[in-house]
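In the two assemblies presented below, chain A is common to both, partnered first by chain B and then by chain C.
Entry: the complex of A and B
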């Protein structure tokens, strides 16, 4: 069978989506279990769960948009905005909970001075903790992470729907599965907690991108085989 | 004939159901002790603090909630397929029977997982002399199942409304392209992710360490040394859920409600602004087709994105103002 340009596009978009998923997961402020006790900065849940929740919300809007628009950028950016809305609302409400429920000031544990607002962090931090709440520097990094991750998810979803001719449900499940694999790889790098862009763990990103590239190319080839082997994208 | 007001009204119903769903999701994780704060319950016996907490962490909240919601959604969907042909003129009658039955099946699975998780986890702590209190086990199962029932019921109802939204508003072509079980799965994951990330803070930071100083992050040396005595007697999860229902639960519900409201309304407002509504294109297919597009459809997406970006910017600025206000109000750390 001759190599058609659409086949390259499928693999290309899946790989780009996978790499963006990995980048997005690194940017999220993940606090894990310590954040639930106010012992670490970030949102009190795991990397994969937070990323997955955000991308799910984005994908819901992506799918609505894809039923009346066939522009890949509009579908992908709709997903990106959806994921970013989810993550910003969660971070904002988490701050409300820390402030009014526990009387804690949001403060970063990684930087002494907020690089964006220039507010000092160390005097507000509880000793023997790694920061608490979602300060502005972390908030902005998290918003970027949600946007980038949602964009990757939307891109993969559209490629599977439009170029690989999957059905709506199959495209959603397949896009989420590839996304999940990449988010889990990123979680190995993050190991529990991260503050996103200004965290030293962010420097480990290149290694995660290499492994993400490998898994995404493999996933892209599997999608391609399904497209070639099964008429109408199969199921 | 499509009634746009009905479309917006159903969206509000969905947002309200989302509020209820996530409130009860958080309270379910408090009454059953799931997710991140449960690490302290798990740790307590290991640092010599024998307790009467219910120790159920089946998995991360998003995955366990996705499981209940997908089981409920799939069962309800199968029942709907069978029941709807019986009442073709009033299909809502089929939904009234199918959704609660589907959710009841999920509740049973929830109870089974709660028992095995609690017994398994506590039995594994035998070497730390943590007993399995049978009254704690039996007494918590019903509250866990009822809280879980509320969440799953609301999520399945949201999925049902969304997959039939167009039909309910007068034009079936506006139904969501995803089937009911997939929508239940999506919102199950999201409700769990939000319940885990927002609501747990009130339980983990405040209620689990209530005999420690208020207004500071809980130090590493406190970990595992949870508050074991209640206002009256020895504390169990039933004392915790009543406390968290006053702030943590509703706050979590508001988070999910706001997300659903923003997400759905920005799409609808985009469609309104681009004049995609109320008169849909005549050639819009009944089964959604990705290759179909109109200029109005593309403009709807653009307006939706613009409205979404505006919401994100408002939240970013709102957080900056809020954090600045809190720092001024609370001041630097003054404890030891």
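Entry: the complex of A and C
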């Protein structure tokens, strides 16, 4: 296929999607192994698993919408809503298990007073832990993370589906792969646990964004070359 | 007051054990070179029977799992699975790119040298991501030789995915792969099982007494399981150019690899651990 001007948009959208993936991963409440014991805030798993589950759901909703609409905003926002719903359900179920299973109060370890609801946090925190469960401030940050990440995933999916002319499944799996590469670089930047927006680790975001930019540009070029290399008319 | 003498039994524990330990003959670099070159050769000749492609896949898995092992032993901070998923994520992008260029210089159904463009590109992207992850100005993970390990992971991941496409479709044409692997949904379990094959060995075996041979045995075992599932996928899709014996041979190969390395792994674990306490369910195998 010859190079057409709109194909440059593939690289553009993949880069925007990659940057949003990195930002979304930084906003998630990641607890890791300490959260499994209830001694850190967040959901007891890694960044990659949380982002993988969220964006997978986002791509399902995106691909459903893209089967009857080719409006970029509709496709991307449906991805964002799908991912946000998934991450919200995960955080809610984690909270139910922490509260009714372990008998601990969701409390943030990084802020003394909840910046949004003004609820005191420190008095409820068990000494020598980093907080427990998913408190309100972290819940809001995680929902934002799911929304932003799902939006990025939907944007990438849209570019691969309508500009690179991949089929639905191929576009989804390629978008998922590029998204994961960016989310994992963000996870390496976070290192272990984070509480999202109010965590000091959030200040490291620019470093991950630079790395993510480089990887996304290269991945976008790879997809662009693949589109050019395909037989005439696309697949 | 009498002083208890040092326990004599400990000396016996440290004595080298014979028999069950499975010695892997190659060092990390040699394994990478041999597995990479053999897997690349098997990838470009798509006219081969599925069993030989499965051998190539097995080598690529061992290479990938070895790369994961040498990176993760320094501690990634996010768990071992992340780097295995990274390798397969790169692998899918690289495989799509390789497939797009596959028709250049190809002999239909037999020989597709241009797919290796995807492998080389993913090596490059892996190198760049390794540089950004390791550099002090950026993510600063400070893991020795992370650049090389990420490059190897990208290449091994691409080879694994390409070989699985090649096994299931019998060729490396983009439209055949899209019809038979992507749109049928085979890619979903291919993706997640390949991730397992990369990260599970080290994730399951990590610890102070981890041994390279034992870890890589687990990678071989997972390759056997993947071969069985791919064989069933081939039977259901009916895509083999050699008829029905090709998938059946693949399933038999997978079962043999799985049984042999599962037994070896369990035996090695039983032999090398201090004591086993359990229900006895698995112990009966050893």
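For the reader, a short list of remarks on this structure follows.
Following the convention adopted for this analysis, the second predicted complex is superposed on the first by the 228 of 235 C-alpha atoms of A that agree within 3 Å, B and C clash if a C-alpha of one lies under 4 Å from a C-alpha of the other, contacts with A are read in each partner's own complex, and residues count from 1 in each chain.
We take it that contacts are C-beta pairs under 8 Å (C-beta built on N, C-alpha and C of every residue); 3 or more make two chains touch, one makes a residue touch a chain.
Owing to the predicted nature of the structure, the values given are computational and were not obtained by experimental measurement.
Under the clash rule set out above, the superposition-derived model of chain A with chain B and chain C contains a clash between the two partners. Contacts of A:208 after superposition: chain C is touched, whereas chain B is not reached. In the superposed model, A:181 makes contact with chain C only, not with chain B. In the superposition on chain A, A:225 makes contact with chain C only, not with chain B. Of the two partner chains, chain B and chain C are each touched by A:32. One of chain B and chain C touches more residues of chain A, and that partner is B.
Of the two partner chains placed by superposition, only chain B is touched by A:106; chain C is not. Within the superposed three-chain model, A:173 lies in touch with chain B and with chain C [touch as defined at top].
By the touch criterion stated above, A:46 is placed in contact with chain B and with chain C alike.
With both structures placed on the common chain, the touch criterion links A:189 to chain C but leaves chain B unconnected. Among 131-139, 257-265, 293-301 or 311-319, the region of chain B with C-alpha atoms clashing against chain C is 131-139. Chain A residues 32, 46, 49, 52, 168-169, 173 lie at the interface with chain B in one structure and with chain C in the other. By the touch criterion stated above, chain A contacts chain C in their complex at residues 32, 46-49, 52, 166-170, 173-174, 176-178, 180-181, 184-185, 187-192, 207-208, 210-211, 214-215, 218-219, 222-223, 225-231, 235. Chain C makes touch with chain A in their complex at residues 76-79, 81-83, 85-86, 88-94, 96-97, 99-101, 103-104, 121, 124-125, 128-129, 132-133, 137-141, 174-175, 178, 182-183, 185, 187, 191. For chain B in complex with chain A, the residues that touch the partner chain are 35-37, 39-40, 60-63, 176-179, 182-183, 186-187, 189-190, 192-194, 196-206, 208-209, 214-223, 247-248, 251-252, 254-255, 258-259, 262-263, 266-267, 271, 276, 284, 288-294, 297-298, 300-302, 304-305, 308-309, 311-312, 315-316, 318-320, 322-324, 326-327, 330, 332-333, 335-336. Every residue of chain A that touches chain B in the complex is listed here, in rising order: 32-33, 35-39, 43-46, 49-50, 52-54, 56-57, 59-61, 63-71, 74-75, 77-78, 81-82, 84-86, 88-106, 117, 119, 123-129, 131-132, 134-136, 139-140, 143, 158, 161-162, 168-169, 172-173.
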